[in-house]
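Presented sequentially are two complexes of chain A, the first with chain B as partner and the second with chain C.
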Partner chain A sequence: MNTQNRKDLLKQGAIWGFIVLELAFFSIAGSFLSVTETAFLSLDNMLLLLQQSAPIGIIALGMTIVMINGNIDLSVGATFALAAIVMLDSLTWPFMQALGDWAIPLSWFFALMTGVVLGAVNGLIVWKTGVDAFIVTLGSMLGFRGLVFMYNGEQPTSHLNWTLVDFAEAQFLGLSTASWFLLGVALILWLLMTRTVHGRNAYAIGNNRDAAVNAGIRVGPHFLLNFILIGFLAALSGVVFSAGTGSVNPNDGMLYELWAITAVVLGGTKLAGGYGSIVSTLGGVIAIQLLRKGLGHIGAGTEVVNLVIGLILIVVLFLDRQLNRKGKEELKI
Partner chain B sequence: MAELTKKGIGGFLARQGILVAFVVFMVGFALANQRFLAIDNVFGVIRSSAILGVMALGVTFVVIGGNLDLSVGSMMSFSTIVVLDLHDKLGPTLAIPAMFGLTLLLGAFIGFLVGYLKLNSLIVTLGMLSAIHGLTLTWSGGKNMDIADKEGTWFSVFGQGDIVGIPMPIIIFALLAVLLSLMLSKTPFGRKVYAVGGNGQAATFSGIPRARVVFLTYLISAFCVATAGLLQASRSLGSQNTVGQGMELEVLAAVILGGASLLGGSGTVFKTVIGVLILGFIQNGLLLIGLEFYVQYVVTWVIIILAVWLDIAAKRGRLWSPIA
Partner chain C sequence: MTDQTPVLRLEGVVKTFPGVRALDGVSFDLRPGEVHALMGENGAGKSTLMKVLGGIYDPNEGQIYVAEEPVTIASPMQAKARGVVFIHQELSLADELTVAENIWLGELPLKSFGRVDWNKLYADTDAILETLNVGFDARTRVGDLSIANQQMVEIARALTVDPRAVIFDEPTASLTDAEKVVLFEVIADLQSKGVGIIYISHRMEEIFKITDRISVLRDGQYRGTLNTAETNEEEVTQLMIGRKLDLSRNESHHELGDVALEVRDLSCGELFKDVNFQVRRGEVVGFYGLVGAGRTEIAETIFGLRDPSAGQILLNGEEVRIHSSMDAIARGISLVPEDRKGQGLVLGMNCRDNMTLPQVDDLTAGPFVSDGAEVAIFDQYRDKLDIRTPGWRQTVGNLSGGNQQKIVIGKWLSMHPEVLIVDEPTRGIDVGSKSEIHNLIRDLAAQGYAVIVISSEMPEVLHVSDRIVAMFSGKVMRTFTSEEVTEDSLIQAISGLEGDKVA
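Here is the complex of A and B:
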């Protein structure tokens, strides 16, 4: 038990160790190679980094709880876009405009409910039909994107509301609105997964579904709840992101699912389920954003960023496998 | 219909459901619009499905072997860009084998990671999706790639030519489908792919070199991707860096629609071709009856889930899942 704890600590610490390594590397390399005069490790830069990682980050946190359950959600990018469109479009409805600034919370409510409904659709299909979540959400990735296009054709949806823009660009205690949302979601999900029955059962189901069923855990409702949560969070991400820009393209959010999964896997969550943590995913999200910004800082382009992120993902997988196998071999002796 | 008691009809529908659905769709669209079954329309649909179809053939091998390949879209962009770039530098005769060589190298790398190192294929190919996109951008410098002399090259024959009135992409797609179908159903290697995907451990115990078989499925996939890249490049003679972006999931949808299980061990090349054609004809049929292109996304969603649901419902003998 003790060695197990130590191993867990080592694993969860790995991503933060990686982040420290990145910080050190980019600070030192930056002082030689940087294209700008500003230091990489400045507070402003780090705060900006947190803000920029929020859209993918909020989705990745939701993806973590779905993956702990042993499922996956590929439809988040489309949910992101649809929620953003619903929010911007609902602000232009006649009765909403009569409400003045009170229309904003209502538009958020509509958008978030869209996410909840889409998540519930995924969850119910996975629960009731028993089709693998990968296939269900692969289908709904296409289907939800179709809904996005049906809503407003191929035109971008735009509506600039200055109160909304002010809110998106507001700062509180030095952190921007998006950062607060990211940290808030992380805190709530962390509490949910570590302090509640739902969290404990979600781990149990992902770890060994048959054993969980035998222990009297109802699998379906937990699936459903987690899909509703990720739908809600994908919508929240869309809302937070589009509040600042005031415009959404029907193609927005494409490939977000793959970025989110990359961050989650980098954080050490197992695809097979039963293992993973919210805090490590937050680490994974920050590590990826750090890599993007850092490589940009030393003058590398997107091509290098893509290459490096892809290879790091594979190396992490390889190292993880090697470490785990060693542990098992030691157990045998 | 809580239980599929009628084994006769139910069993047939479960086994050949995708074919039945295909026929129903074709008849429905044909009744709704006269032009649907006109020969030029049919050729047009198959021709525009050919690139997706060729990629789906390769992914069928990977999926039957029990793995996934999310890197095919990004790899197709790579092949397209590389062959277009080399066309002007080496000439088409050398550019094509060089591009095939490089794409196969990428496939071999993935096959090595998944087959010999036994890493999770979903994450490896997810990583490669990003890494290969990086390679493509490095190769092209982020710019669109165009052939300088678009009129004077014979390179366009693969995408735009035809033999006795049948467009080249259809011929290449059909030839490759027949070849790979024979490989999968008539050769020892084909049997081994099913064995490895069906039960990897049992396959290993019965002396099948599991790692090598998985490795080869990725090589086949890369070969198909290279062919798709050739078709794409030859058709348009110019390309963006992101030409194949997002195709990996569409390809997977076609393969799943054809009835291949993501767990491996089941599926055929023929059914994948049907899956590809269903997607193509639905898109075309919906356009012909006057609906926007994006309606097909929603229809595809419903069809994929119904197809897989009915398939597993027939296997377990009840419609609703046993999940409590």
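Here is the complex of A and C:
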């Protein structure tokens, strides 16, 4: 049992070890190759990194829950864009403008409700039809993106509200608003998954759905709740992101679903469900952002960054498989 | 006995599926403190009956009474709430979760805001585990437990409520003899508390050891209830299949040919060590031992699925290196695997395609698969093995266990092997088809195949083998010929006791 515990620890600690490795590599390589004079491992840089990883990070945390539950959600990028548009556009509505700054919380409410509704649509379809979540959300990914374009065509939706910008750029205890949202969401979801019955049932459903059904767990409502959650979080991510820029393109949020899944998988969550942790996903999110920033720091272009992240993802999954093998005696495939 | 109110009573339960009358007026009663065996061939309606009791199916007609109170059971939770608890045959556990979470799955103790009350959860679980006398605690991850201990977790679930009736569905399928003893103790304990127990099993010796009464189903119909003390295996079998069954020792011997397969000092890491044996043409060698003794692993090594760490494999006197299953098949070795549905068949494919799967590469007409050649092969082996199916288009998932096994055997025979390895040939197959498979194995040997049979059932090994290799934790303990073997010496050998060794 002892070796098992050590193995678990190794599995959960691996992502943090990887982050330390990245930090060390980029600090050392940076001192030789850096295009700028600033140090990589400065506090400011790290805080910026946390802030930058927030949009995808918030989505990835929600994705963890859905994936532990044994589902997947590909429509988060479109939800992200639609929620951002709803928020910015609602601020321009006449009755909202009459409200002054009180329009801001109301616009957030509209945007977040958009996410909740879209998530509920996904969840209800998966629950009631029994169609695989991959297919359902592939459809809704296209559908929701269609809604985004219907809203404003190819035009970006912009509305600069200075109160909103101030809020987005505010700092509290050294952390920016976006970072606080990321950490807050992580804390709440961590509590949800480890402490509540809903969280534990989500693990059970993802791990062995038949067993869960036999034990009388109502699988459908849990699915629905988790899809609503990720819809809400995708919208929250869109709101936090567009609050700062005051503008959103209809193509914003594209491929976010894939980045989120990458972070989740890098954090060790099983694609098939039943295993994973919120904290590890947070690690995965930070690791990816570190890689992007670090490679940029030593002068590599975006195309190189994508290539490296792709390679690392495959290597990580390969290593994970090796770790779970029983040595040379195991069955060959 | 008759003055006791039955804890569970069924009256005229009928369940129909499109085209099938799965349960046809089944009535029976379960008294407090009795162990009541439910027997029947596969497809006789046992599982359907259990699903009706468990609230997974709604019966079309009939009435269920719990303690003489008419009830409708609409969900597994309701069944449990009324004290009717199931121990499932296929482990129904989530292996990433802890023992405690699995035992209380679906009804974790709550605190405010939907939080789990971990202290209560672990305390309650440890209390239950204590009564079961197991060597793990509530916080252990289920995936880290042995199959037998996982079964104990499943059993522990029954003890979370005050059960009136506990239904065990093939609970010993994956247990070793020592673990069976613990299980029987648990059953006896429940019995003494006045709990009624329904015990479903194919294993006659267990049925006669622990049950009080036996009810038999055939083709969805209730065939009668016997008092265990007043009946014997023959009567039960006859009730189940409507004819007698041959369970004698293998007496027939035919000409043995040359040594087809020889294994010298074969080892594979910790799985098995220094294994030596020979198989001649026309001979059936039985491998007997407990689960985990390394029998399946030897078969997998010979079939090229594992790399041996030492030793030699000789085919027809020549040393060979088998690196993959393709190698093995090319050299005339075939393996009928242990898990028929998981490893032997593609359940969603039809009979013909399953049978020609290993050789479909060669059955081509131009760039396309030749339909005619495939059907010809299927027809040949359907007739040879007496496979009962409406036609080759039938999906194998819909066939009975015995016919499925014949498809797998037919698949390998069509590859013209010299050595045929059959792992647990009759696991989960009903009594009637069992003897058919046994006869088939004998026939194959008579035709000159060298056959290895791996089995955990002693009657089976005794019945089909010319020689028996007894294994214990990765080592060959002793090799018996069918004349010298006795049940006692065989049990001693597989339990690791040396006994008097014959040189």
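Just so we're on the same page, the second predicted complex is superposed on the first by the 322 of 333 C-alpha atoms of A that agree within 3 Å, B and C clash if a C-alpha of one lies under 4 Å from a C-alpha of the other, contacts with A are read in each partner's own complex, and residues count from 1 in each chain.
In this text, contacts are C-beta pairs under 8 Å (C-beta built on N, C-alpha and C of every residue); 3 or more make two chains touch, one makes a residue touch a chain.
This is a predicted model, so every value here is computed, not measured.
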- Applying the touch criterion given at the start, work out whether A:His198 contacts chain B, chain C, both or neither, answering first, second, both or neither. second
- Message: Applying the document's definition of touch, where does A:Leu74 land relative to chain B and chain C: first, second, both, or neither?
- Response: first
- Touch count on chain A, higher of chain B and chain C: B
- Once the shared chain is lined up, is A:Val308 touching chain B (first), chain C (second), both, or neither of them? first
- Message: Touch test for A:Asn208: chain B only (first), chain C only (second), both, or neither?
- Response: second
- Message: Show me the chain A residues, by the header's touch rule, that chain B contacts in one structure and chain C contacts in the other.
- Response: 213
- In their complex, what parts of chain B are in touch with chain A? 70, 113, 117-120, 122-124, 126-138, 142, 245-246, 249-250, 252-253, 256, 262, 292, 294-302, 304-305, 308-309, 312-313, 316, 320-324
- Message: Which stretch or stretches of chain C touch chain A in the complex?
- Response: 75-77, 80, 86, 88, 92-97, 101-102, 105-108, 110, 113-116, 140-141, 144, 268-271, 297, 300, 304-307, 309, 324
- Message: Show me the residue ranges of chain A that touch chain C in the complex, using the header's touch definition.
- Response: 1, 4, 195-198, 200-201, 203-204, 207-208, 210-217, 274-275, 327-332
- Query: Along chain A, where are the residues that touch chain B in the complex?
  - Reply: 74, 125, 127-132, 134-136, 138-150, 153, 213, 218-220, 223, 254-255, 258, 261-262, 265, 271, 301-314, 317-318, 321
